[in-house]
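Got a structure for you, written out below as structure tokens; questions coming shortly.
Note that the chains take the letters A, B, C, D and E in the order they are written out, and that residue 1 is the start of every chain.
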Amino acid sequence: MSDYTITIGTFIAIQAIVACGLNVIVGYAGQISLGHAAFFGIGAYASALLTTAGGFSFWGALPLVLFITGFIGLVLGLPSLRLKEDFLAITTIGINFIVVSVFLYVPFFGGALGIGGIPRVILFGTRLRGTPFLFLCLAFLAAVQLVSWLFTRSWSGLACFALREDEAAASSMGVSPVRFKLAAFILGTAMAGLGGALYAHFMRFISATDFGFPMSVMILSMVVLGGMGTLWGPVLGALVLGMLPEVFRPLTEYRMFLYAALLLLMIRFQPGGLLGESSLARQIFSRLKGGEKE
Amino acid sequence: MTEILLSLREVSMHFGGLKALDKVSFDLCDGEILGLIGPNGAGKTTCFNTVSGVYRPTSGEIRFGGIRTDGLPPHRMAALGIGRTFQIVRPFPNLSVLDNVIVAMGLPCYRGIIPSCGSWKRQKTRDGAMELLSKVGLDLQAPQKAGLLPLGNLRRLELARALALNPRLLLLDESFSGLRHEEVAMQEELVRKTRESGISILLIEHNMRVAMGLSDRLVVLDHGLKLAEGSPDEIRKNPEVIQAYLGKEGHSNVA
Amino acid sequence: MRGLRVSMVALLLLSFFVGVAVAAETVKIGMLAPLTGFAAADGASALNSVRIAVDQVNSKGGILGKKVQLVVYDDRADAKEAVALAYKLIEQDKISAFVAGSYSLPSRAVAPIFQEEKIPLVAAYAIHPDVTKAGEYCFRNGFLGTVEGKAAAYTAHKLLHAKTVALLTSDNDFGRTLVQGFKMYADKYGKDMKIVYEQTYPFTEKDFKPYLSKIKEANPDVIFASGYYFQTGPLLKQARELGIKSKILGEEGADSPKLAEIAGEAAEGFYIVTNFDRDDPRPVVQNFLKEYRKRFKIEPDMVGASAYDGFMIIVDAMQKTKTVSNSTAIRMAISKTTNYDGLTGIIKGFTHIGEVVKPVQVQVVKNGLFRRFGIVDDPELIRP
Amino acid sequence: MLLDVQDLHIAYRDIEAVHGVSFSVEEGELVSIIGANGAGKSSILNSLMGLVPARSGTIRFRGEDISRIPSHVRARIGIRIVPERARVFPRLTVRENLRIGLYGIHEPAKEKERLAWLYELFPILEERSSQYAVTLSGGEQQQLAIARALVSDPKLLLVDEVSMGLMPKLVDQVFEVLQHLNRERGLTILLVEQNALASLEISRRCYVLETGRIQFEGASEVMRDDPRIREAYLGL
Amino acid sequence: MQLFLEQMLNGLAIGAIYALITLGLALVYGILRILHVAHAAIYTVGAYVGLAIFSSTHSLALSVTGSMLFCAILGVLIERFVYYPLLKFPPYVPLIGSIACLLAIEELCRMVAGPYILSFPAELPFPSFTIGGIVISSTLSAVYGISAGVLLLLWIITTKTELGLAMRATSQDMAIASSMGINSHWIISVTFMIGSAVAAIAGILVGIYYNQVYPTMGAVPAYKTLALIVVGGLGSVPGAVLASILLGIAETLLIGYAGIPLPRDALAFIAMIAVLLWRPQGLLGGRR
């Protein structure tokens, strides 16, 4: 495998991790979040600061990073308890803009210069780069998928499904909306934080513009296109949307247009996602299955 | 009379200038079926919602099993032992019928962090839920998506969900409306059985025949005020009730 | 739906063939530039200029008899894309050298990669110090913010005889280092020049009247307004509308023919410190100007000129060492560049960390065009 | 035959709510459809108005199949609805609500006459004419909804659960108005009601709907004495 | 004092421009409940088309009308082909569609007109004043005049005409409006036309005011206007206008006096969160 492929693969794996986090919030708990890149960024900045200024190793910093992003996710998830639908959607966009501004304009976060000199991840005494780092990301992705899967099987997960479907009915069955919405926010943002940490140690320098609203849209598109609320949807979405720009690469000046146009067409004709209900994939799958039975 | 399970003392609920409930007081005894009747807009559903914790009453006191409960949120009320159904059915449409019931069976697990991490896909849970479903006659529909069920089945699903909470008190909000004749009979049978198993019931009902037939006692509300309270026979004869509820010509009594 | 799928497949196939169809016996020089997105204008300038450079080299027989092939990708000024593309350039395109024709963010991200692969990199106009810090294979043809900041202070102090100055700078990496340089000079030499107002403005700002109204009150001799032409242009216009009479000094970000278009009348008498002197009589400058105007029907700018030089410095080093593949030799040759006759002035050489040493040009707008006003070549000031 | 419905099926997503009902309304008749909550009554009315698409079946209005034409065209050929829970435009004034009823009709003289007549019928509306509809009480909103439907002089008035949420006294009033409109002005009315007794009293014919199917039909007088109806719907 | 007045006048101008851009978004949200981010793309196209017509005909009147017409059609196309079919999906689905539209149109502008900033050298036929030493330039008075004119016209349309009545009715209850004989899909399209035509005016005005037209000029307004419609109360057009003007003034004063160099979009969102904490329904919201 070439380093080019590995780099693309690493980005896809990292973005898939972040998308899985968003899927927990949006897909499982039914809360709209359009500012997920903010948490991706918080994870990256937390890990970068802890490993550069704080002198931690990646592994030492990681639990702290997860805690910090989860905690900030908890705090910023509070509006979801009070605001509904479009108000919440726009508020989360606002959170994204504000977080980026804080990174850009507070000198502690390196300001416009960003943070550089982030060390590589060291595992068993070797500095990970290239393929080993990709495998590290894939291992984390697998872990995130496992956690997602366990979450869907846990009472907490079921509580989130119930809240997503009908909040009043769920709370009449003993499900505390506050507790479980926030639980979903903590889990989802911690996953984004993990993705952020991996990103920081892969790029080895970060700046606020990497985590702007366009990134949030990208992640949300991955979740929606892949199939919101499905286990593998976000991963598929990350794969498709991560590879598209590379496929269009030779068309240099036209590729972003093609990318946008294709995104538009996909959302227009498969609004339920590639793995969602009534999607092409599901239909074909069920037809094949039906065919066998007959 | 036996022990008092639920008591409302001068409970008022105001929305802006509207007095949806105005100093309403009544008691519900353990093991009793109490019917709450009154014309539309009388404050019946508001009353339900204050009892089940959806609203915090503007003033007054609600006690359940001796504990003061006004102001507690719905999920705490559920934990204390109040199960409810909704006037307009609220299933979890994209979950299966079985999973709808399992959500309610998780009640003991939702309070703690460690239990809430446990798996709900266990055979024991499943069996328990299936048992409840067969009790209400929905065992065949268990794998279907709840959103695809017809109304009659949904009413029974709501009942099964509420029962899955192992409640001491069941709040039934018009759970007969929209049902076919034979379904009404079936539902009535279910409610009676439920009471026999020791669960007290507070019900709102529009269908007078059902309300009169099921309830031990009735409370009549009108424009937020308690108009009357008593046995079905007493209520039927109460001139004030006839005047307010049945209208001057006494014809619009059913709906 | 079916039509859609068919056309998607066709597109995929097409993209494959385009990628594969690449000729053999050539020298490949890679470049990244933001051809789409918010920075597309700079990307286009850089690419246009380098294309002229490629044609000039090839029309003279290429390098050591081999044609030069430019491999360029669009990085959208995005660090993530740039990293992947750097590997693509190295592994799939097997380039011999690299021109970073993009912003600081992506350039900074790719510098360590080229350093690791020992491929010489010349950054055209990216200004972040980290780009050259990546190692000995990384060079920069543009000025560091501190150098240009010092030159700007010198211009204000010595050439414009300012007693009071106001600093209004764009809040990005460049703006910050410019102010740093400006103050370095002021602290050392400019005790008699007072900074009466200092403010940064956000990068997306378009309306400067709140700041300018305050500056009007302070009434400085010179306003040093750093920023890109799309910021400085409206700023000039708004300043003159408010009746501000102070001299206004900008920097290379404002070096674009678009500036005078945007600011109109208000651009007259606006000074900039930059690295491109259009009145330089040397043939390399005049030929480039002629060719650029002819081919693209617009005036060239400093971004393009810098990218042109970045490319030509590599070509020059290859020709001197008579190798297109020995990257160590090419690197050595670049680092030993002395008095190279560049489009952006006589390049005196590179410091040991790879920063260019060349005079800073001071230009002034006359009749809508940038004309020579002065030059800053005090080695004290221009040495990074 | 003013309205003739044959084998109407209505479905929401995958669930069929109305399974093939057929009924008709003669010119000048007052016909009611009664049934419990959720029996599909409102679906039928909304489908006649074109607010809910019919899955299959035909709807003929004055002999013409209208089942495929959009709602606003049905409104223009003379079908108007008094929707469930009134659904007046909350942020329009009472007068503006009435003007909406006249949308697309440009006969100033007739307009004035209709308004005067309606204000006579519902004096409270004239009093409140410049108030936002949201400030009206439930009964007033219901009156406004009726007036809004009447202002365009419709051929067929569809009335959906007009008694819902009203005090008994008001229910009587509203029904009186409907009866008056039918008897004195010859307005054809199709009434959908839960309040079975009241609607049987004012209507000439009646259909009884149960879970998406018509169970009984006939003249209202006969129905009132039918023991099955009395047992199930009148609770007597 | 003079400084303060100058700042106020500047703020008012910025607010007026925000109002023109936000207006269309608020109209569309009011009727379809869609976050029409692509509105900013229409505004960009408006500036480009206006510039194209102006440079070939040198007539500002022609340029404005042509651009309004073009944008009205573009707006309706987006409504018919993207939003209307996606109405029944959760709000983020049309939102993603809208963002994809924005991106595609931005790129299309770049491909057609080139990546460089173009200048818009038109003179607006408005006078300049000097009142008490404060200069109101002709561009400034043009901004005031045009936005006041547009707002007034829109107010007349929505409150005094049958069309406006139908628009308001449709935005309050689409189904009932159509059962009253209103062709609500047509009304939706008309709403898009009006909003998009106003966006075209805004695009041209901004193009002339800052003398620049470029492909990504919609990027900042795209999201900032979202904050503005929330501050105003989702769906309330007067609220959105009020919020725009207040924010324009607040920004200017904050930057002019406190010297806070925060990007204006973040400022807008901070203002939004502050307002939501105080009035969750927005300044003039509250009906839903």
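Following the convention adopted for this analysis, a residue touches a chain if its C-beta (ideal position, glycine included) is under 8 Å from a C-beta of that chain, and two chains touch if they have at least 3 such contacts.
None of the values given here were measured: they were computed from a predicted structure.
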Following contacts chain by chain, what is the lowest number of steps it takes to reach chain E starting at chain B? 2
If I rank A-C and B-D by number of C-beta contact pairs, which comes first? A-C
Please name the chain that ends up farthest from chain E once chain centres are defined by their CA atoms averaged. B
What is the distance, in whole Å, between the centres of chain A and chain E, each centre taken as the mean of its C-alpha atoms? 32
Distance between chain centroids, defined by C-alpha means - chain C, chain E (Å): 35
In whole angstrom, how far does the Cα centroid of chain B sit from the Cα centroid of chain C? 73
The positions of chain E in contact with two or more other chains are 107, 261-263, 265
Sites on chain A at which at least two other chains make contact: 104-105, 253, 256-257
Between which chains is there touch? A-B, A-C, A-E, B-D, C-E, D-E
The chain E residues in contact with chain D across the complex are 162, 165-166, 168-169, 172-173, 175-184, 287
Touching residues (chain side chain A, partner chain E) in the complex: 26, 32, 34, 79, 82-83, 85-87, 89-91, 93-95, 97-98, 100-101, 104-105, 213, 217, 220-221, 224, 253-254, 256-257, 259-261, 263-264, 267-268, 271-272
Contact footprint of chain E on chain C as seen in their complex: 35-38, 40-41, 43-44, 171, 199-207, 209-211, 213-214, 216-217, 229-230, 233-234, 237, 241-243, 258, 261-264, 298
Across the complex, what residues on chain E touch chain A? 29, 33, 35, 81-82, 85-86, 89, 91-93, 95-97, 99-101, 103-104, 107-108, 111, 223, 226-227, 229-230, 234, 261-263, 265-266, 269-270, 272-273, 276, 280
For chain C, which residues count as touching chain A in their complex? 1, 4, 8, 11-12, 15, 18-19, 35-37, 72-74, 76, 78-81, 83-85, 87-88, 90-92, 105, 108-109, 112, 128, 130, 171-173, 175-176
